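Multiple structures follow.
Next come two complexes built around chain A: one with chain B, the other with chain C.
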Partner chain A sequence: MNLLHINDLHVNFSTKAGQVRVLSGFCLDIEKGSSICLVGESGCGKTIVALSIMRLLPENAQVSGEIQFKDRDLLILEKEEIRQIRGHEISMIFEQPASCLNPVFTVGDQIAESVRANGLCKKNEARDAAIELMRLTGIPSPKKRFDQYPHEFSGGMLQRVMISIAMASKPALLIADEPTTSLDVTVQAQIVELIKDLITKFGMSLLLITHDLGVAAELCRDVAVMYAGEIVESGCLNEVFRHPKHPYTKALLRAISDDGLRPIKGSVPELTNLPEGCWFHPRCPFAEDQCRLSKPELKNGIRCHLWKKN
Partner chain B sequence: MWRYLFGRLLLLIIVVIGVTALTFLMMYYTPGDPAAIIAIARYGGPESLSSDLISWIRHQEGLDAPIYIQYAKWLHHIFYLDMGRSLITDEPVFDKIFSRFPATLQLALASMLIYLLIAIPIGILSAVKQNSLIDYLSDIGVLVGVSMPSFWLALILILFFSIYLGWLPVCGSQGLSYLILPATTLGIGIAATTTRIVRSSMLDVLGQNYIRTARAKGLKEAIVIGKHALKNAMIPIVTIAGLQFASLLEGAVVVETIFAWPGVGRLLVDSINQRDFPMIQGCVLFIAIIFVLANLLVDCSYVYLDPRVRYNRRHQV
Partner chain C sequence: MSGRIQTSKMFQKPIVMKPYALELLNFIKGNCRVMVGCGLIFFLFLIAVSAPLIAPNDPIEQHRGHYLQPPSWQYPFGTDDLGRCIFSRLVYGTQISLLISVMVVGVTAIIGTSIGLISGFAGGAVDEVLMRIVDILLAFPGLILALVIAGLLGPGLFNVMLALAIVGWTGYARVVRGCVLAEKEKGFVEATRALGGSKYYIMFRHIMPEVLAPVIVMAALGMGGTILSASALGFLGLGSQPPAPEWGSMLNEGRTFLQLAPYCTIFPGLAIMLTVLAFNFLGDGLRDVMDPWKKKRLEI
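Moving on, here comes the complex of A and B:
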């Protein structure tokens, strides 16, 4: 049974320069208790997928399609209904935790707020519940830390605070958008460890967004590789990483292989100006005539005309 | 903290010296001989004045000394809270200003209240409903508000509310109803620009990541706006409100005169008309001090609003 089922999701932005089509017919399934990772170059639309689920897209976005969560279509819910799902059944943590916490309120207040937000407990119990969450996410001396402000915390500790906020109601789905990107390498490993512990302990499903394939391999069972707003390859993470089929996945994996960083040839496509045929063909070393003419469909978890050949 | 207070005190002294020295200089070159004014006040109409009498008074009052000596003497007296006496009525300037101060304070507080009640809600609303009808209407309101001089607005308000509707008195100071029109005139006058600043400050805050977090944890929109956004947006708003308090004092001079409101502003205008030099000096000094104190209050409110400021202060000292 799928916990989350995204079908034919379209997201457009109206900007001064005209319409920007970011997602067109995006599909994704997340099983209950599974963990899946979205990888791809920056600007390919990963964050937009996450924000669509949370219904937190900016106001200039137009959304269509369906996002089924526990048999309800999130996209047609009333504002009040989606508010009750946010932070309660679906939680999200972001990159750059320092900018994600309100500088003028104490950290404890911001955690306690999320405990109270969905009526999880009475006002006077919220403090204890928040301290308990801080302990759960490994924040040392939580009683003292409760009354401190975000600027008194390090980046890694702030991400733990964000995770405390997200864990207030032990959601069914945790969305983590680049949770380790802005952190030091040693701290990254600790945060990855923490997320791993929490999802196993509470049986949460995880939608991880990252361009760090190491983090992806650490946390996720499945992977979906995105290119220009579309999934080009998806499947079991071990399988995809060991035997990539799509030329883009191959290039992506090669980019971080042992012999240093080799950037993928060519530049990230502009979403307003996508090529005819397969969107990857201008950067693809194997492109043939049919790649320039017709756009491949996603078949058996791969979107490529030629994968059987290569 | 002490270093900070000391800095503020220093600023107070610099502002006071700068402003009063400038007024002193301007008055020195203003037509009207203070010795003659005193002579008229003490001994009656111009016909009875002899030039001997006038030069005797000039010498007696030290008005024949060079201007910097006169100024130094004035400053010296200020240290003993002695602002001199009115040339016209011989009342002590200090007492006169303090008898007028409550009226000005009343007017200033009432205008501040009206000002904040207009600027903050409308500013927030037009930010939250950006590009909506409310936003455009407030934009037009702001444009009208900025381009209206306060004497004109005062006359319009008098025409409508006092003469046409007959609801409020035209001028005077016999009760609260007399306060409404002058306070509204002043409040509207300074609200216009601030409304726009509230709006842009709020828009800026609404685009921040922590607002997205607040929504992501399922808070009600009223809490997201009223708690998370507002407290951050207040930081620039408090700055501008403090600055506007200064232009409020400036406006009080005009508005008190139009509405015959017996405050320090009107006292200043009357003193200027009568060339009552010590009184003018006293009013200017008084307004300068209020101005610096208002700024001090703004600074203190940062400490309350922004924990980062609190932190830096604590760790500097």
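Moving on, here comes the complex of A and C:
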């Protein structure tokens, strides 16, 4: 039984320049207690997947397909029902913790607020529950820190606060949108450790969005590599990272190889102006005539005409 | 061992401070203008509340044979052309002026802030309609529009307050809407939405506190402005009707005898000036406190 089942998700944005297809035929399954990672360059539609699940896309987005969460289709739920799911059964943490906290309230207030919103305890107990959460996420001297404002915290500590807020409801699914991108490397490792501990402790599922393959390898069992709004390769993370089959995955992994950086030439195509055939072929070193003409389907977790040859 | 005792002592009594409130208090202490403003306003409210105790005479009683008398012990600020004690009238007039300013500023600030919040947060057609209404109201000079409205409604204290309120909310709405537009794009709004916060919850709990600082400053400055406008309407005969002791109408009544008995106009004029000045001092000082950039500059 899957906790989250995304089938044939399409997202279009209507802009002044016309319809822009940002996600096409996206499919993903997350089992209960498993962790999956979406990787890819910027502008590949990773965050759009997260926002579609939360139904937080801007108003000019058209969404079709289905997103099943615990037998309910999130896309057709009433506004009030989806609001009950947000922050209760699905929580999200963001890239910029500093901007995600309200600067005029103390950190403790904001955690307590999340505790209260979940109706887990009375007003006077919320403070204790919040301090407990702060302790759980490894914030030192939580009683003192409770009454401080966000500007008195460092980036890593703020991310811990965000995680406390997300954990208040003990959600079934945690969506982490680049949780470590704005942090420095030593702090990154601590936050990764913390998330890892929490998901095993509470049996949560994790949907991680990142372009840091190291973080992905540390946290997730499965991986889906995205390119221009599509999955190009998916499967068990160990398998995919050890033996990448799709040329894009290979290029991504080679870009950070031990013997220096090797950037992938070119950039992600504009979504309004996608190439004929395989969308990766202009940047693909192995491209053949077939790749320029017809678009490959996702077969056995690979979207490539040539993977058997290579 | 002794070290341990010390630490336990330190943790026994955690010093809980509300840093911002404390800072505010310190700043008010250090800021001369806010001190003077607060002191004067407190003094005025004291006068208004204890008017019957302070005033030596009845403010509307006409003392026959004591017309246009210069200041004396019996009539500290002299008498007007009908033999009424100017000092007593000024003391009672404080009640009217403060009532008008508190009511008008209170109502306009609440209405303006709500409309600004709704307009900025809803966007689209709602925003468009509300802001065009604001544009229309702002296209008229405020006092003239208030004059027209008060004229149409007929003279009287309540109608003057209504007229000033109809004209006054636009400024708050504009400022608040601008702040909301900036605030609603911030990360914590989306984060709250992702945590399941409803529209109204985000609007009132998260965005409103962010926009209150300019509203408070505007309200403090607006108090002075309102007293001035109310006096102007009173001067033109639209305020509270005789024999009520309204400062503006007192100026008007004394105008005829400006050369003969200048104290009829000087003292009401001074009262208006002092009150407006007090609120302006307070408003200016509060702006310094609440503007983080200015504060930083002061610290340097």
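Methods note: the second predicted complex is superposed on the first by the 310 of 310 C-alpha atoms of A that agree within 3 Å, B and C clash if a C-alpha of one lies under 4 Å from a C-alpha of the other, contacts with A are read in each partner's own complex, and residues count from 1 in each chain.
We take it that a contact is a pair of C-beta atoms (placed from the backbone, for glycine too) under 8 Å apart; a residue touches a chain by one contact, two chains touch by 3 or more.
The structure displayed is predicted, hence computed values, not measured ones.
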* **Simultaneous placement of chain C and chain B on chain A, clash or fit** => clash
* Considering only touches as defined above, state whether A:151 meets chain B (first), chain C (second), both or neither. => first
* Counting only touches as set out at the top, which of chain B and chain C does A:143 meet: first, second, both, neither? -> second
* To do: Report for A:285: first if it touches chain B alone, second if chain C alone, otherwise both or neither.
  => neither
* Considering only the touch criterion stated at the top, classify A:18 as touching first (chain B), second (chain C), both, or neither. => neither
* From 3-11, 39-47 or 147-155, the chain C stretch with C-alpha clashes against chain B -> 147-155
* Structure fact -> The intersection of the chain A residues contacting chain B with those contacting chain C is 54, 56, 83-88, 91-92, 94, 96, 99-105, 114, 117, 149, 162, 165-166
* **List of chain B residues in touch with chain A within their complex** => 130, 208-210, 212-221, 223, 228, 231-232, 305-308, 311
* Flag every residue of chain A that touches chain B in the complex, lowest number first. => 54, 56, 59, 79, 83-88, 91-92, 94, 96, 99-106, 113-114, 117-118, 149, 151-152, 162, 165-166, 168
* Structure fact -> The chain A residues in contact with chain C across the complex are 54, 56, 83-88, 91-92, 94, 96, 98-105, 114, 117, 143-144, 147, 149, 162, 165-166
* Structure fact -> Counting only contacts in the complex, chain C reaches chain A at residues 14, 16-17, 19, 186-188, 190-198, 206, 209-210
